[in-house]
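One structure, as structure tokens, below. Some questions next.
Each chain carries a letter (A, B and C) given by its place in the written order, and its residues are counted from 1.
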Amino acid sequence: MQSTGTGTTRGLGLLAIVALAWVVVGGLVATPRDVVQGESVRIMYVHVPTAWVAYLAFVVTAVASAGFLRGRSRSLGFDRVAGASAEVGVLFMGLTLVTGSLWGRLTWGEFWQWDPRLTTTAFLFVTYVGYLAVRGLDGAPEQRARRAAVVALLAVLEIPLVHFSVVLWRSLHQRASVLDPGGDVRMDGLMLFTLFVGVVAFTALYAWLVLHRSRVAALAELAGRGELARAVAARRAEAGA
Amino acid sequence: MLRVVDFRDVVATLDGWPALAGLSCAVERGEIVHVVGPNGAGKSTFLRACAGLVPVRGGSASVLGVDLVRDRAAARGRVGLLAHANGLYLDLTAREHAAFWARAVGAAAGDADLALAEAGVAGSLADRRVGRMSAGERRRVALAVLLVRRAELWLLDEPHAGLDAASRDALDATLRRARDAGATIVLASHEAERASAVATRTLRIAGGAAA
Amino acid sequence: MSGRATGRAGLVRAVASRDLRAEARGRVVTNQIVPFAGLVMVTFAFALDREDVLSRAAGGLLWLATTFSLFVLVQRAFALETADRALDALRVAGVDLGRVYLGKSIALMVQLFALECVLVPVAVVLYRVRLDAPGAVLLVTCMVSATAGLAFVGTLYGGLTVGGAGRETLLPLLVLPVVAPVLIAATRATESALRSGGAAVSEGWAWVGLLAVFAAAFGIAGTLAFGPLVDE
């Protein structure tokens, strides 16, 4: 039986575990509470990294989709990475929205703010759910890959437009107070370091997940090809050819 | 002389299942080939593969000199496929269809009228909406479209199905005229006697390969 | 073999006039979709109840009703293509799908604009708003540019979601996030035009600028993307 683990994934996995352990210890225990927000600032150690990874996943999907469309041979490898990144990205976007929502609730008493970053992230989330739905439509593999790649690139066009519109929209409503729970947090060295470790941890986790997921997809395709050869032989045998 | 269709050991899949499992055949210019075989043999898939609509997963396939494995969209425009549906708009008249396709392919407006006449769409029929036509009349309009497009290779899937005797005769006459004008025709049909009356050769397919 | 020697606009015009002619004969928009949109506007009044809320929200409600109608219009535009597999015929014929896209978008724009021309008086009457000359100019410009953006996006994703099990329901999910900027900008511009939100007319023109940029961006993107998206 084949495994999708290699030296790279084991290294990444180890890095992720170690870094996450630090974040847990550091985030929950070692770092001080914030002057203004108190203990609730600790959500930042999860929220900021997941937001970063969500946007990273979006960029990776877009780049992989562009790579797929540009390459002459239309190698499906790019398509697998795009799909894997989108699946993991949707997960992290969901986490970002949930943690951001909780943080807002603890800090400002509201689960939701119509601030541009949160709203755009919500749109990104829905757009990627749509992208995954398009990936699930029927058709030949190259056809599906090409369709998905085009939809991903259209999302690259759409998201900045959405963000810009929402920024303009919210600027009408003269909110002088900081719309971002993290805006007034003053960070000391340890907090900054823990945050940085958090970013590294979640990025490693993201890479680990994407590598495994795209390899699984590659194995599935190989299995499909093997099946095809058997199916061809079976069909010919049936016909007595 | 370049073969119009040249398939060698072609494997083509529909959703992963090998509808064509090693089909080898060749069609020369000016032939009218009758493709015959049981249900599920792969006749429709063969026609769609020639039209570049089905990806080729194995073997080599070329249509009108174009390598389908490398770029199956390149031969489109020179190929006409007429399957169970006719590709028409129910609210438009035959004349409007012919005029639209003439504009779409850059043909002269007069070609549209000629094509209608050759396909047997004459007089008041030309100005009737497709939605109000019988199956046979709609088929004639679809053939007129193929004529306007000056397709070099005609792929017809069960063209006689659902037509009355007069329409079938008209269809055969149109096919012969098209062949005389230089087109190559491949038609899949269950109706053995009907098809062999107009065909120059028969190709048997079973189990996704030539039988 | 006569080549694709038609002028650039030839195929686009042919597709647009074909779609519009089909509508003129079938009358689905006038008999079904316009009444539907009017009904949506009335239903908003039931849901929102208070007249001051209604007149302040008039701009937004107008564009919401238009967006919902867009889905139905797109389904209709592509139902024409799938009824007898006409789009397949275009594909097999190797016709330039980018131009087919432009033609269909233009036809959709015309129908959508006609719909909006009916909805504006309905809004004025039902939601008790008023329209003066400078506001009217702003409103019409807003309608033109918003309609273009909506039509370009609708036609693009409509091609993708047509004809197949479980596909049509995908259309709103894909289209709504993308047309959100149109909804935001068109509503603000309309509120300026109707003076309902206390906004000046001059602000409205800035939003119209955004609408124009959006329409141009998606017009170009759609022309390039439609073929690869729809091709088999």
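One rule holds for everything that comes next: a residue touches a chain if its C-beta (ideal position, glycine included) is under 8 Å from a C-beta of that chain, and two chains touch if they have at least 3 such contacts.
Note that this is a predicted model, so its numbers are computed, not measured.
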Contact graph of the chains (line, ring, star, complete, other): complete
Higher-contact pair (C-beta pairs counted), A-C versus A-B: A-C
Middle chain, criterion being Cα centroid separation: C
Chain B and chain C: spacing of chain centres that average the CA atoms, whole Å: 37
Chain A and chain C: spacing of chain centres that average the CA atoms, whole Å: 32
Distance from the mean Cα position of chain B to that of chain A, given in whole angstrom: 47
Per-residue multi-chain contacts in chain C, two or more chains: 231-232
Residues of chain A touching at least two other chains: 138, 140, 143
Parts of chain B lying in touch with chain C, wherever the complex brings them together: 51-53, 73, 76-81, 83, 85-92, 96, 100-101, 103-108, 129-130, 145, 149-150, 152
Complex interface listing, chain C residues touching chain B: 1-6, 10-11, 14, 18, 21-22, 25-26, 80, 83-86, 88-95, 231-232
Complex contacts: residues of chain A adjacent to chain C: 69, 123, 126-127, 129-130, 133-134, 137-140, 143, 146-147, 150-151, 153-154, 157-158, 161-162, 164-166, 168-169, 172
Contact footprint of chain A on chain B as seen in their complex: 11, 13, 15-18, 21-22, 54-55, 57-58, 206-209, 211
Residues of chain A defined as touching chain B within the complex: 138, 140, 142-143, 224, 227-228, 231-232, 235-236, 238-241
